[in-house]
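Chains here go by letter, A, B, C and D, matching the order in which they are written, and residues are numbered from 1 within each.
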Amino acid sequence: MRMFSITEESLKVFLRELSLKHVLIAPFERDGYFEFDVLKNPDVINLNYTNTRLSPKRFFLPQRQLVFKHYPRKGFTEEPKEYSSFVLFGIRPCDASALSVLDNILLSPPYKDASYENRRKNAIVISLSCTKPMAECFCNVFETGPIRGMGEDLTFTPTRSGFIVEARTPRGVSVIEEFGKLFRKADGEMLEEYSRLISKVLDEMNRRLKVDKTRLIRIEKEAGEEFFQLNAQRCIECSLCSFACPLCYCFETEDCLEKDSYVRFRGWDTCISPLFTRMASGLDPRVTKADRLCHRFCHKLSRIPLAFNAYGCVGCGRCVSLCPAGIDIREVLKKWG
Amino acid sequence: MRRVTVLLCTCGSTLLEKIDFNKVSKELYKNPLVKKIEIVDGLCKANTVKSLSLDANERIIAAACSSRLLEAVLKNLSNAKVIEFVNIREQCAWVCDDKEDASSKTIRLLNGSINRAVRSNPPQYSDGLKIVREAMVIGGGIAGVRCALDIANAGYRVYLIEKEPSIGGIMAQLDKTFPTLDCSICIEGPLLSEAGRNKNITIIPNSEVVGVKGRVGDFRVLVKVNPTYVDPEKCNGCGECANVCPVYQPNKYDVDLKPVKAIYCPFAQAVPLKYVINKEYCIECGLCMSVCTRAAINLEDKPKMLELNVGAIVVAVGSDLFDPRLKPEYHYGEYDNVITNMEFERIICASGPTGGVLLRKDGKPAKRVAFIQCVGSRESGPGIGECSYYCCAASMKEARLILEHDKDAKVFIFYNELRAFGKGWEDLLYRRCLEDGIVFIRSRPSEIKRSPNGNLIVVYEDTLTGKRSELEVDMVVLALGFKPSENLAKLAATLGVSVDDQGFIEEAHSKAKPLETRVRGIYVAGTCHGPRDIVESAVEGSAAAALVISLFRSGNVKLPETAVVLESKCTGCGRCMPVCQYDAIVRDGEKVRVLESLCNGCGACISSCPQEAIVLGDWGIEQLALQISGMLGD
Amino acid sequence: MGLSPYVPKPVKIVRIKEETPDTKTITIGPKPFDFIPGQFAMVTVYGVGEAPFSICSTPSDNNLQFSIRKMGSVTTAIHEASPGDEIGVRGPYGRGWPLGEMRKRDILLVGGGIGFAPLRPLLLHLLENSNKYGRIAVCYGARSPSLLMYRDEFGEWMERGVELYLTVDVGEGDWKGNVGVVTTILDKPNLNKAETIVCTCGPPVMIKFVLKKLVELGYSEENIYASLESKMRCGIGKCGHCHFGGKHVCVDGPVFRYDEIMELPRGISPF
Amino acid sequence: MSSPEIELRKLARNLLERKVVDLVIGYEDSEAGVRPCFIKEPGEVEKLVWNPDCRLSLVRYLRGFKEKKVGIVAKGCDGRAIVELIKENQLDRKNIFIIAVECNGVYKPVKYGSSKTRRQMAEYCEKCEVRVSPIKDYLIKSDEKALEEKIPKGDVEDLDWLSLFRKCLRCMACVRSCPFCYCTECSIEGFKPALVHRLVDPVELFTFHLIRAIHMAGRCVECGACESSCPVEIPLTRLYHELNEWFRENYGYVPGLNLEQAPPPLVFKEGEKP
């Protein structure tokens, strides 16, 4: 049995002890928005949050990270060191699911993205179920929420009498064992409430948007020019959608000089940028904004599913809310789903 | 990947005690862009450079003294195209207190230059641009005439632009010249007529320069020729017209003291000796037309525009004199017998309004005359701040002229510092004055008062004795300082040359390039770049001519790199256009483009472009940013 | 960690040869990995950047060669390098030419300009193992005679039995050969068209017309292969830059078969 | 439906039917909020809306339709932006039909995951003194009063700009939404090493924002497009407002008010030109 429960008081103790043993990253409120950061004091954790404006992907794929440092005089190449372990507490199931999609992509053989793998290996991901999804959310479409996601080690779900805790991975089980005295086996009543909650929230979301995701594969073949042309006209080519997205993983590299070494960094890139595919010769296989926009949606909704058996969108709704021009991926879902 | 060679010069071991060369080279060697480091003890020595056996394609950082000297040495000896200079002597060793500071500054400067050199490209010069071997001299005073003659005598065509009807300038108005008291027009007159006769000189009187385009070797100058209403081709200077003209006007040549007719010739030795009509006074009665046998008069004359193509321009427009009305304490223009030194020159001149007799306005002879020096010079008031150079000598000359005309006259000179530094000035002027009994009073008079009998009373404090007193005289002559002429700023702007804080034209370098301006191919001579006397003006005229001739003889000009607009980046916002003082940026459809021939490579446009769409050689954001980041050490 | 696939291995430049006015062939060694003709490697100029280049030396060579045309910052930096300088390489990446398919068949190589670089290792490999393959023909075109690469090797190729057809867009100097685009010489090779494997590489426009012409001439679609190019940052299907229509040029290419090329979205596909 | 909205639709239909313009750029409502729309057919005019959520400046879209005659719904600030852009040779007045709408201020956007739900007027709208575009071809008056909500003001110095800039993602939304950022390639985006690296470096974020602020000085019309697009809500208009104030004090120049007055950086006074 992997279902446990914890009372609200015990949860506080759990978080406090967690923060003493590990680097704890958890949500708190700042200037009217929620964000994740390393917390020394777990008391500021705000569990009544909706979701963070920016996804927690930066803990696994930082906006800028070192690839290597090459010392020509010493003749050796230095790589980043092993990352220290941390606990990511309270991310939403959609964002946790994004991690599992990224696992599929970045850790697929034969090459593994070593730094991502390293961070992933060293992270304990604890998700917090959504019981009140936001207007922009559509995780029901991709089954990446609202209660259970895919990439987490533990799932915490608030109920009237404390939290239901589901251990999703062996690592999750070991955390429960580590803090065993705080957790109890979930009783039948709670489990009943849990399943009621799942269907209630899911129903609510399905009423807002119900799409057959398997049909989205069609988008590749039927990518209607007009739809993308219309939205391309609107698109102002900022990178917000990609930067806010929990699983936009494309990266750019940049070489710099340092005092005694050559350094390469990698960091977020966006396929919306006209520079994304432009080659040094000036050739650009993807010239128009509409092509780029189409690529973004196709990549997420048909190409990743074809190649990695997962969807490139988890329905968090960040791109919908943040896009200054109001470009809405849900319209794509409705049109082709 | 380009890498650089660093040459560290110990300057004959003199820098060793201020810079730790071992530390510097050890630190620098960490920089992956450094290929090798050589410590030498004299980069300025040919042997040292030769022993380094540098490759022409090598990128070199020369850390030594000033590039002024080294650039020529290194470029000649090594043929290296990319050399970055870092002045570790003046900028590090000499200005830093301790060795550690000097060494670390050296390291920082060098790291910046290494970054820069790696991104630099060998400079590109456009060689062999055409040179129009014709010159333009603006201003027909002594400097301009001397210059035009010298250029013309070397065999090149000269256009001499004069705003007045005749060349001659101030010197033509003077009675005598110091220190020898020679007749001024007798010296200048032959020069003027020689200029008039010279086949290589085209005198364009009554004209002004209104526009300049082009670059050194190929200027296109727009000249506006004002109407004189008399066709100079037809006029033979007979003067019949003036005889019949019923209208009089004050003559500028005689400082408005002696009226002439509305149709007139400014003075007897004028070149060209042609009559002109002053339309302000002309009543268009037509009498002159009726007597002119050559039908030279055309009252409908209109301004003409000429475009002249020349290879070099000499600016010799001279200066104006200070307006004494700006010093109300001397009551010039208000009290009859307060006159300027230029008026004095005309009055004392035999051909002047009084036939050379020093008379007051009321017709009485002036027996007691006071000179006040430094009116409008050496002051913080409305005049110029510096010494006006000519006036001590001029006043002493004029004082002596008074005594030459009238042995009984009494002359007083109110001076601040008497400056008699020229050749013969001490002997021929100052000592003679003292011998002649001319009274020198060290004072800047505070006021001129008028006594009831019409005499003037100079109120002053003798700064040698500290005594305040008053001096009654018949006449006061104000020794006026020079000031930049009225249109000089406009002309300078048209030509693209700069002016100094006094308003005179600024030299490219006051000592090294005293007659060049910041625009290549435009030179300067005479008082338009500061007070001078006749001798110096003439010297400068000849010197400027030499510069023009050497430019013409050089065969071709090497132009600096020019700015280039990257078409793909330019948005056509036009911010660069007003910034360009050479008007080298023009609109081309929706974008802009640089006219290469006009561009001087100054780089002003580059800083005005918000998106680095203009590039100029290696002075791009790329090089500068890297240089800065190298210095900052990140 | 030491296992990051993104970290290049430093190697020394052994030789630099000027191939055409804007192209240099650099030789680096010793070769850090084995490869199949048609594969590419990521070349790092330390401090400047990294870019993908086709390996143009034969797999049996102890060194690696790259023919590099001066284009952007990385290629410019390579052009400025001198023997002894250190650059980084990692690879080999991508799918090479289909050597297995070529057994006992006739082979036609069609190259344009710098696009001959990925064909050269194939040609050399075929020549080294000529007993396993059929006849070999090469059609090679460039804008002008001076832009033809590997000119000094043409004689040797022909001696070893290669049917070589050259063409230039604009003749110059003492050029006596064909003038015209490469499609004008595609009918010259005397090969068993239905069975011949065709490998082509060059600018997208050239590939487009070559593929059309080949089909017209009766070459079989499933035997035509082309090597495509794209911007890349990782070379191993992670960075997303070369992702077009479900295919990563770096992993699924750069060599694609005719039908795969037709499936690719417009832009990367020349059609 | 408010009466300005009815008037707007009627006008747009009229303009399109009579072929006065080829298209009208306005705002439409969608599930994702109010967003720009491009109306080409008279039948589509019913999409057009006008309300305090119409905050993104539409001016930046004008440059995409250079050869066409475009009708644009313009607030006061948008009109000012058009004025400045005409002066910078980016727009052609005769190709633009300005539908000026009297603006009473727009709401601050409530973004993803905000803990606040109450709608507030944007801070930059409070400082706004130009509610109607200074140039216009048609004026639609408002039938409502200005939004009431006031936000406590603070001095620009009071803000900890360093930590604000540190939050920046360099997503370029400020640049891309700004009507004035029309550079074909932003200084900070090129491939070559420049002042600001392409990948975000915390120190360079400061450089980036300073470069941008200096480029905006004396041009920014404080339409707030940057600020409202910013995912981390850096109050950029406050910074630009401060620079504009400096321009107003030193040169008496307020951007976008009149077509004749040249921007101070383009004017050399007598004797100022080198």
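The definition used in the following text is that a residue touches a chain if its C-beta (ideal position, glycine included) is under 8 Å from a C-beta of that chain, and two chains touch if they have at least 3 such contacts.
Quantities reported herein were computed from a predicted structural model and do not represent experimental measurements.
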Which chain has its Cα centroid closest to the overall Cα centroid?
-> D
Pair joined by the larger number of C-beta contacts - B-D, A-C = A-C
From the C-alpha centre of chain B to that of chain D, how far is it in Å?
-> 50
Centre-of-Cα separation between chain C and chain A, whole angstrom | 39
Any idea how many Å lie between the Cα centroids of chain C and chain D?
-> 49
Taking each chain's centre as the mean of its CA atoms, how far is chain A from chain D in angstrom?
-> 32
Residues of chain B that touch two or more other chains: which are they?
-> 32-33, 626
Can you list the chain A residues in contact with two or more other chains?
-> 72, 252, 254, 256-257, 262, 266, 280
Residue ranges of chain C touching at least 2 other chains are 45-48, 72-73
Chain B-touching residues of chain D, taken from the complex the two chains share | 88-90, 182-187, 192-195, 215, 265-268, 271, 273-274
Mind pulling up the chain C residues that touch chain B in the complex?
-> 45-48, 77-78, 80-81, 85, 87
Name, in rising order, each residue of chain A that touches chain C in their complex.
-> 67-68, 70, 72, 75, 77, 79-82, 105-106, 108, 110-115, 118, 220, 249-257, 262, 264, 266, 269, 271, 276-281, 283-287, 291, 295, 298-299, 302-303, 306-307
Residue set of chain B touching chain D in the complex reads 489, 493, 498, 568-575, 578, 581, 590, 604, 608, 610-613, 621-622, 625-626
Any idea which chain B residues touch chain A in the complex?
-> 29-33, 111, 115, 626, 633-634
